[in-house]
Amino acid sequence: MRPRRAACALTATLGLLSAAACGGPDGGGAAADATPAPGGTLHVLSSIDLEHLDPARAYVTSTQDVGRLLYRTLTTFAPAPGQAGGQIVPDLATDTGRPADGARTWTFTLKDGVKFEDGRPVTSKDVKYGVERTFAAELPEGPPYARLWLAGGETYKGPYKDPAGLASIETPDERTIVFRLNRPVADFGSAVSLPMFAPVPQDKDTGVGYDNRPFSSGPYRIDAFEPKKQLTLVRNPAWDRTTDTVRKGLPDKVVIDLNLDPAVVDQRLIAGQGEDADAVALEPIGPASVGRVVNDPRLKKRLVTGESINTRFLSINTRHRPLDDVRVRQAIAYALDKDALRTTRGGPIAGDLATTLLPPTLSGAAATPATAAATPPGGAPEDPYPSKDGKGDPDKAKALLAEAGHASGLELTLDTPATAGGKAQGEAVQASLARAGITVKINEISSSAFYSTVGSPARQHDLVIDGWTPDWPGASTYLPILFDGRLITPEGNNNRAQYDSPEVDARLDEIAAVGDPAAAQSAYGELAQRIMRDAPVVPFLWDRAAVLVGPNVAGAYGHTAFVGRLDLVSLGLRK
Amino acid sequence: MILYLLRRLAVTALILLVICAATFAIFYLMPADPAQGACGKACSPERLAGIRATLGLDRSPFAQFGDYLGGILSGRTYGTGAQAVPCPFPCLGFSFQTNRPVWEMLTARLPVSVSIAAGAAVLWLAVGVAAGVVSALRRGSLWDRAAMTAALGGVSLPVYFTALVLQYLLVVRLNVLPYPTAVPLTEDPAGWAQSMVMPWITLAMLYAGVYARVTRSEMLESLGQNYVRTARAKGLAEVTVVRRHALRPALMPIVTIFGMDLGALLGGALITESVFGLPGVGKLAADAIAGADQPVILGVTLVAACFVVLANLVVDLVYAVLDPRVRAVA
Amino acid sequence: MSLLTVRGLTVDFGSGVRAVAGLDLDLAAGQVLGVVGESGSGKSVTSLAVLGLLPRDARVGGEIHFDGRELTGLDRRSLRRLRGNRIAMVFQDPLSCLNPYYPVAFQIAEAYRAHHRAGRKAAHRVAVRMLERVGIPEPERRARSYPHEFSGGMRQRVMIAMALCLEPDLLIADEPTTALDVTVQAQILGLLRELRQEAGTAIMLITHDMGVVAGLADHVVVMHDGRAVERGTVHDVFHRPQEAYTRGLLACVPRIDGPLPHRLPTLEASS
Amino acid sequence: MSELRDTPLPETPLLEPPLLETRSLVKRFPVRHGLTRRLAGHVTAVDGVSLRVAPGETLGLVGESGCGKSTVARLLTRLERPTSGTVRFAGQDLAGLDERRLRPVRRELQMVFQDPLSSLNPRQTVRRILASPFAYQGLEPDEPVERLLERVGLRADHADRHPHEFSGGQAQRIGIARALALRPKLVVCDEPVSALDVSVQAQILNLLKDLQDEYGLAYLFIAHDLGAVRQISTRIAVMYLGAVVETTDRDTLFATPAHPYTRALLSAVPLPDPDAERGRERIVLRGDLPSPLDPPSGCRFRTRCPKAADRCAAERPALRAIVPGHEVACHFPEEMP
Amino acid sequence: MTVLRKLLAQRSAALALTAVALLVLTALAAPLITWLAGSSPTAFHGEAVDPALGGLPRGTAGGISAAHWLGVEPVNGRDVLARVVYGARVSLLIAVLATALSVTLGTALGLLAGFLGGWTDTVIGRLMDLLLSFPSLIFMIALISAAPGADRRLLLVVVLGFFGWPYVGRIVRGQAMVLARGEFVAAARVLGASRRTLLLREVLPNLTGPVLVVATMSIPACIATEAGLSFLGVGVQPPTPSWGQMIATAVPWYAADPAYFLIPGALLFVTVLAFNVLGDAVRDTLDPRSRPR
């Protein structure tokens, strides 16, 4: 297994705006039958906003997808559909990193001839500065890995307060950069694919304002950006195609319309007229459009499907009575109508019903790229709480509830974000649990307040529709974050089941010490099954993304790293 | 007169201050914590505190309100040192979600809202007032009944219903118009008009109904006035009687509601802009509310209120110009 | 020869009310005809019927001859040419009869221009001259004033100026002094008297006030319930009233001269 | 400032102590104008009015519109509070009384209004309207509503109708019945007949007189119609621009008016007699009533007075008796024969 | 009641009144109707929708069938008829209660302001101006989303009522001002009526006309605003149906399943129209000026 990344937990798992959000890998190279040509203007239609273009703050899939057009990172994902896209390849660096000292020291060498948009060469100091910025309190949203892993990271306050810099990042010369870590990190070569490892020239750093106009090292630079409205990218003349094996840089211009109505995005792409012929959607199509697209062979040809490593599940607050009784939780796991939940997201096109925590792409079986392309859902581990067609088994649930002393039913509260998708899913949970005699009250929370509410054990209720995408393919940024009882925090908590099992905690530590990624992966697979027996969460969907592209767009495929959405760097127009 | 204007402006400022304070207070009660939102997934308490300090959220509500007011008058700076974010006058706050001063966001969105409001206003005034005048002149006729039924229908149609039916018919089914996009008038007048047609019709259907009804009843009122009888007794042509003696007084109340309506619309047609996905002030407000971008909500609320209050002032002044009875003593 | 002859005039309203029920009137050029009656007697409706100013739902029957022309059923255009030009009208409440949005001179000039080819300036000069003639002080300055800036008496002078600027043959004055105080009423009546002598305009004076008629009219018609109950010269009607109604009307008005009865005689009419 | 404020009321030959007496009543209203609602000044609607009404008599208060006569009525019935001056009713000073302590006084001091229809609550039946005097005073009605109606010449079956079902004259009869329900001693009649047709006027005037004869009422009868005032009054006061210019008994006033304004007023009333009218000498007043916002100095009437002299501008004439019982506020009153 | 008789004499008003009555009846009889139709507003009917087509209802016109007379909702297959009749309950109840609140507040405050005048009038008048110049829609949304956990129906009633009262207050104030100057009020004062009596016995009964008119006009406005708020995402909590809620969920489906959008939309339109026609008729009946001569 190679290191990967992703990062869409925030908007993604709950489908805040569009029906689907984060997804995973698979070979969805549908409309790849024509070769893209250089030139023209590519339009991208998005129903959501781009959160934080600043590489230090970019932690949402769509931003990372767009960011790849703007800046280069030490390593990155291969520009390929399916499992192949999960592969880490060199980008700024000449290789995927050279570990030493038991993976405590990582050395990268920069390629020659990589330039910023003003023509100056990208140096190791720019990369170091870019990483140091992520320590600044003013630029908070990025991933935590630099702070967690770099030696001395816990005390460093960022370059604005501490201009001396972080000693554990060394730049012996302009093209060499050395990271000294406080622990062995086998995945570090994957971690440096995150945007936070992109170069930032210190003299161009405008602090918080850098978000509006990051300095480009990729094929495009920002021409104009108005948040929630439009981002216009034009060709970066200093970009040298020969240094870049990942980005094709075909269109002359990329115009990204933001914050459109999701239904309008679908309809414009279905119509595919005028400029919309040269357009692609950034997000998957909504449930309401599925019927039209699936029934029309010409439209179906323009639908690009990509698999993701995202799992959606219902978290059960194991600390609340009577949910502290495992039988009650198991009853919920039996009762849940996974198929109804999937229908709210568009039906089978939105992905496969989940049978366990880890999607096939992450489970031990799928750990080798060779088998990846053809992983059928059947390859996944067995569901401990099976039901016919995933529609739930209310009788079994009732029996379990009776056994636990709740034959007369119980009442639970479900937290959902106040969005169309959130409501639809909430109602599906409500209806399916009602069949087992469980009354669910829906507590709508304004989407902006949603994470701070459910991330606070004091404020969260009994149930929450949740989900997780690891930062790169592999369970190392999944199970340890979600099920380690020691990581339950009073605010910003990710373990929303508040699952606290010393046995599981100990096992997590053991796996973290395993050096071989493949062995670790299969160990994680077993642990996932162990956790499932306690039913702290009920997985229901392994996401897939179905994205519409305009008739004149070529080179489209869904990319695992971008939860199954299009890989923008490969897109071009047919003529 | 100058003194009067100053006094009115002072009252206006006071009203805005109260609106500002009320909005501020409500956001204080909101559960969403902007610092938490900015801190992200892995947020340590220290980082949270740092963000709070930068955003000024660690100060007392009153101090924050004071900061805000100060910013409007003289601009302000968020954070300190190298990371200072300038927010020049008039600083209506700074959106940390989009990294823009609210004022800049508003001014960027205003042209769209103005386009929508102005075009719709022309349309509804033309249609509504004309229909109302004809109805009043042919009171009880078939035309009158038809027009008034249509007007009542227009008044009863929810905006989003009209908007979506229009979009379904004109765009999805008949394909005669493109989906509305924000095209600046200066760049592509035809595209601008194409994008604006549906919002104009949507709003005009609602307002033309209102205006037709008001015009009709005002016209009936003024047609019953003794001075209209005098005008007829003078032997004036009927057209002159209607235009000069009946319509002019009837327009006075219309000026009032027009000012208010236009003022409210300039502050953003929340639903219309949302349905058509046009990035005006209303859409900005809707998005800001969804994202709990408090500075933006506060800014939009203030600016929208400002438009209404200023529209009130303008209406009063226009009244003074149009009505000699008010003008004479002013 | 009679300037205005009304024969068998009937006016019915859509609501079924018959306001005038067969009225005959004669008014010779240069003469003043007083039409008296209480409210609801149909006197104002009669005056509006002459000018064709009744609301649309009113049905007018009978004949109205003016200067030899039949007015009922006349087309709108011809009727409009007569209005203001040959038959002018002064109404009861001068404030509500003047449009508050225009200066008084404009409203006078407007009447003038409706019937004469005249430029704005020329018409304005006519208006100023007329204001002067009806006794408005500083007519040049006051011409640009608005109706609300005038007192009640001055407004009625403006109305009269407007009515007379076209030198009509007939002036219909419908309760011209009712809304005014007695001292002002005396001024306006004086003005009407003067104008009649100077211009020889015939006046149809409609009022409920017997005193006003006595001072100005040559002939009198007493109306009651849409009919003329008595007609004659002013002298005959006041000194030798034939009808009980006329006598009652004269007797029930408390006077400032003559004997003072303890109780006033009253009409049998409904109260 | 009025120089008249403290002038003692001249002696009048009253047989009894006055029922109502006002001294130097003044009422000012602030005037706001136009768009700005700017305070344009104060209108002194009533400027030092002193009046007396004896039991059983009728004092006519006459004047043209805007002279302040209606304001006097509202001051007497305490619908307005005076700016200064006193109102004594049956020996009691009403000035300091609050609404609660005024209530018993109101039983004896009633009012009849100008517009008969708008003075009756359109939502109430006549029965309820006529019961309200007792209800508001907390009394039991001492006679049935039907009896009250008959007294003012209406039928008993009118009791359950609403005001809009009545003609103006009938409505005014109801208003009178309401005012009389509590058996007052003084009724202030504010233009009670001016909204009515002439024939109805006569009936109401007769009714008022009949009721006076029957109950020994006193009236303060306010009107602009000199004929009506002559018909009903025993004494008459003439007002001009907020002040009384002349007061005397009825016959004297009409026979030998002493104030130039009174004379002009009388000469302006058209007589229903063509011969008398034609030969009549008329005093036509010049110009308009001066603005009450900016009244002329000295004598208020001097701007329109045919007799005006320098003294009139300098000095405001006091109301003084030229013969006993005949008071005039003029520097140059008409000589008495 | 004469007003009712006069209303029934006008054809359009009679029609509107019938429509409103039917609506109220439907709302009251919602359980009976769903029992007859054999449906429930919350039960999912997975078999009625096709997951492969994104949950589009099977069959024509939004899945209209013998089992589902007005079709089913996409995705979850809930019965549209059941939701529409239960939605009528919620929408009407909210509108009526909000109107009751705004009319009570508006009448009380408008009456005080108009009758008492002076500083009372200044304070209340300024308050009304202030509320009227508020961008109330923005404010309502912010307010509702700022109060988590509260009963949305109650919150909607309070918010709609609170922002609605100045419209009532303005009219009542104007009327009360005219009435306060009326001679019959002066007559009552001369008779010794206390201020309380004047307000409650003399002035208030004369306000029933205008208040009835604004109330009739306010109900459709509240229904529409409630629907608008639902449309913008701050409606009643699921799975409670309200028309606005239904329309809001139907919006993304308007092209794929127009019936789903049109049914509650058309009902909303007809209801608002009926109330507006009724309001007009009430005003015409009570205000003789606007009656055809």
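A, B, C, D and E label the chains in the order they appear, each numbered from 1.
We adopt the following convention: contacts are C-beta pairs under 8 Å (C-beta built on N, C-alpha and C of every residue); 3 or more make two chains touch, one makes a residue touch a chain.
These figures come from a predicted structure and were not determined experimentally.
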| item | value |
| --- | --- |
| Chains in simultaneous contact with chain C and chain E | B, D |
| Most distant chain from chain C, judged by the mean position of its C-alpha atoms | A |
| Chain centroid nearest the full-protein CA centroid | B |
| Cα-centroid distance, chain D relative to chain E, in whole angstrom | 52 |
| Whole-Å separation of chain centres (CA-atom averages), chain A against chain B | 40 |
| Inter-centroid spacing, chain D versus chain A (mean Cα positions, whole Å) | 91 |
| Where chain E touches two or more other chains at once, by residue number | 145-146, 148, 233, 251, 254-255 |
| Residue numbers of chain A (touch at least two other chains) | 267, 445-446, 449, 453 |
| Residues of chain E that touch chain B when the two form their complex | 129-130, 132-135, 137-139, 141-143, 145-148, 220, 224, 227-228, 231-233, 247, 251, 254-255, 258, 261, 265, 268-269, 272-273, 276-277, 280, 290, 292 |
| Residues of chain D touching chain E in the complex | 74, 77, 79, 99, 102-103, 106-107, 109-111, 113-115, 118-124, 132-133, 136-137, 175, 178, 182 |
| Chain C-touching residues of chain D, taken from the complex the two chains share | 64-65, 167, 169-170, 173, 197-203, 205-206, 209-210, 224-228, 230-231, 254, 264-278, 282, 284-285, 287-289 |
| Chain C residues touching chain D - in the complex, by the definition given at the top | 38-39, 137, 151, 153-154, 181-187, 189-190, 208-215, 234-235, 238-239, 248-250, 252-257, 260, 262-267, 269-271 |
| Of chain B, residues touching chain A in the complex | 30-33, 36-43, 45-48, 50-51, 54, 79, 81-85, 96-100, 105, 108, 171-172, 175, 178-179, 181-182, 274-275, 277, 279, 283-284, 287, 290-293 |
